[in-house]
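Each of the next two complexes has subunit A plus one other chain: subunit B in the first, subunit C in the second.
Our next item is the complex of A and B:
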């Protein structure tokens, strides 16, 4: 059967070059980087090299990179660690309404610790208004966290403009770049941020690898107390194979970024153009122009995303959905609701995230297989029956 | 382990009794799009038995499989027998449902019971 993986936002496959680079560290080079003998030296050198490569991907300095276990850890570390680092200044943080749960739920934990949190809304395309961030900032604000791009709807946020505001007010600004680092150009100096999260599993590196970049001179509280690994900012013996893989993936992403963007953008644009043309009542979610190169997200009216996902899967197509039924908590995606979509519309969410392996034939296959599946579900849908009977229905 | 049992997958991929009945003797609706799932059942009654059952469902795989299974369990049964179908007996017949789906997606029995109540109400009114 044809197999088309269009769920690269969930995770990307591991590149063979990355796996090759990791293998020695799952074998003969097993030493602890903190050890002073030859065994430790081999591991430490690998760590140094990976740190330089990750720093290179985002235009930072190697000593500003803290390796973590994933994007979620990086975001927890940034939000809690930066907010807790300046107790004298205040207890207020600003986040956007469409942050990943690792940011939003960290902010919720801060509330339990006595902080106040302001959530800045987004417009119908998912854009955060820098002026709204400015308005939310108070004298006691100790952190602003707004993501670089949203993986569910693809919208790229005006991080540079927000950074201009936070820099002027001298408030630490963290951006979750899990959806962008390794995918589109990310330069910490150009963005003007103070901290940035990234994850290897989003750009063909291993799962269980991530990093937090923290600008030199910015204070952050340690979450994992222990030894003096990572400059004393994160204790625990380093996951050397994962870090080596992250470094290799970062190096390859930097080298191949332009080619990847050129490959994905026309495929994405075709899907965004032709899917709504071949199926009635399909809404494109996210920004029409400022969006991730591989992200094509939609809401298909009158049907539910999980059943759509399952039927696409039965045709060998992997996608994801922000519908309530798809989430384990049975709640519709907070991102889709923040765009102002109704629960019924959000239920029809379907997300295609293209990757290195995506070819034009895959898009053909989707465009050929999806309309009959949607039709089949609509024929079963009482909402569609009501709609067509109300006289508003087309064909 | 897959999320859904083989029986759920079978009923989801090949749902039985999908559709509407023109001039149905009773119609029952349960759920709403906010919670995720919505089901409408249509029944035709003859000699106190369900001569025909059809449904339309908006919802996840479990919701569609539940509707299909309920329709199959109910067809040909007496109304009293159908009123004894519960979410638990439906889930058992489907070889189990994921824990988080048991309540929200398992509305088929209630929707069908509502269709029977609708039918009985119409009977009482003397209408046919």
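Our next item is the complex of A and C:
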């Protein structure tokens, strides 16, 4: 059967080069980087190299990189750690309404600890208005966290403009760049942020790898207390193979970013153009222009995204109906609801995230297989029957 | 050159079987376990299998296992998460003085959050007295955390006896079993604990793998907020290869535990017997009988452990001078000080931790090489010169 993986936002496959780079550290170079003997040396040198590569990807300094176990850890660390680091200043944080749950739920935890959280809304494209962030900021605000791009709808946020405001007001600004680092250009200096999260599994690096970049001089509380690893900022024996893989993936992403963007963008654009042309009542979600190169997201009216996903799967096509992290909760996405879409429409969410292995033939295959599947699902939908009966239906 | 790795407490090498089990998940089976399509299925099944294997190792139920990124995360999760889960009951926790820093520093963080922490002392062998734990418990105590064994001195703690007390008083009891799970028999029901931490890198599993077992019905706050992974108790895309490796390592440890203990114990005992016989002024640290099968720890008077470590390293022998997590801090171990040893003596700490690759010839090599090295170091020591001059010196 044809197999078409279009769920790269859930996780990307490992590049063979990344796997090759990792293998020695699953074998002979097994030492603990903290060890003072020869066995530790090889592991420690590998960490140093990976740190430089990850820093290089985002324009930071190696000593500003803190390795973590995933994007979720980076986001928890950033949101809780930055907010808790300024007890004298206040207990108020600002986030956008479409942050990943690792940010939003960290903010919820802060609320349990006596913080107040302001959620800045987004427009129908998912864009955060920097003026709205400015308005949400109070004298006791200790943190602003707005993502660089949303993985579900692809919209790229005006982080640079928000950073101009937070810098002026001297409020730490964290951005969740899990969807962008390694995928589109990310430069911490140009963005002007104070902290930035990234994850290897989003750009052909290993699961279990992530990093938090924290600008030199910015105070942060540890999330994982323990030994003196990562400059005392993150305890725990370093996951050397994963970190090496993250470094290699970062190096490759930096070198090949332009080519990758050039490969993905036209395929994405074809899906965004042709899918609504071949199926009635399909809404493109996210920003029409400022979006991730591999992201084509839609809401298909009168169907349930999960049913669509299952039937596409039966034809060998892997897509998702929102964030993988919550897919099994089977709830309407908070991101889509924040765009102003109704629950009914948000239920029909389908997300294609293209990757390096995506070819034009894969898009053909989707465009050929999806319309009859949607038809079939709609035939079973009482809502659709009612709609067509009313005389407004298409086809 | 002969190479003898005797630092298995810092980290163990991956067993070839564990690496083999992991490789498919660094290749074709790359899906996100949360994905609802076929690509997620293989990963999810692998998680289920690993969960059953880890549960099997410690006598728990699969649904009680929460996968983490390392022992340090498990300990932070347990100490902070259990302590914070009972706000109505109080803000007091009890730990032993020789806990790993991931427990002790988590307790420090709790202090910043308004908790009070009682540290129970140990005797000269590193044993915690259950009666002392009972005495430290107050009406507002919400957590007791005492490790199953200490990795630096090898002493196995009377966890079962402590659990009898905490059960009676209905106080959650966490034990850090990072040094014991996969090494000696660990059964959560027999121990009678409420939560237990373990780490794969301690028993020939991968770095970046760990678990927290939490007894059904025991409340715990999340440490990593985010998606609904791990039953909503630990967000973040699961590190499937590491979890698979942890599961395989757990399965092998359970099957081969007796044989491993039989292999290590006589080698350990030879070191403990013959090293002090061949070098003057050597103190065995830890319990003479109730100790980890691979642990032989000493304090060598009139030398610095780090210098000894370096010279042993130059002969191809890897040892440590305490916990790898703090080795680069070059401070006297809090564990050795808690035994009542002076700073001067604690400085001479040297820790041999034997593993599956350790052979009798390796012990011969150590016993042959170490005495002249110690002699050489002592010749350079002003303290030793003073001591021998006083007429009390040996050799």
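We take it that the second predicted complex is superposed on the first by the 388 of 395 C-alpha atoms of A that agree within 3 Å, B and C clash if a C-alpha of one lies under 4 Å from a C-alpha of the other, contacts with A are read in each partner's own complex, and residues count from 1 in each chain.
The criterion applied here is as follows: a contact is a pair of C-beta atoms (placed from the backbone, for glycine too) under 8 Å apart; a residue touches a chain by one contact, two chains touch by 3 or more.
Worth saying up front: this structure is predicted, and the values here are computed from it rather than measured.
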*Looking at the overlay, what does A:228 touch: subunit B (first), subunit C (second), both, or neither?*
second
Just to be sure I read the superposition right, which of the two partners does A:236 touch: subunit B = first, subunit C = second, or both, or neither? second
Q) Now for A:381: first (subunit B), second (subunit C), both, or neither, which partner does it touch? A) first
Q. Which holds for A:26: it touches subunit B only (first), subunit C only (second), both, or neither?
A. second
Query: Between subunit B (first) and subunit C (second), which does A:306 come into contact with in this model arrangement: first, second, both, or neither?
result: both
Could you tell me if A:11 is touching subunit B, subunit C, both of them or neither one (first, second, both, neither)?
second
The chain contacting more residues of subunit A, comparing subunit B with subunit C, is C
Examine A:343 and indicate which partner it touches, taking first as subunit B and second as subunit C; both and neither are also allowed.
first
Subunit A contact set shared between subunit B and subunit C covers 306, 310, 323-326, 328-329
In their shared complex, subunit A is touched by residues of subunit B numbered 12-13, 15, 18, 20, 29, 33-40, 56-64, 100-101, 104-105
Seen from subunit A, its contact residues with subunit B in the complex are 302-304, 306-307, 310, 314, 323-326, 328-330, 342-344, 347, 379-385
In the complex, the residues of subunit C that touch subunit A are 5, 7, 10-14, 19, 22, 26-27, 30-32, 34-40, 69-73, 75-76, 100-102, 105-106, 108-109, 113, 199, 201, 206-208, 221-229, 235-242, 306, 309-310, 312-313, 316, 318-321, 323-329
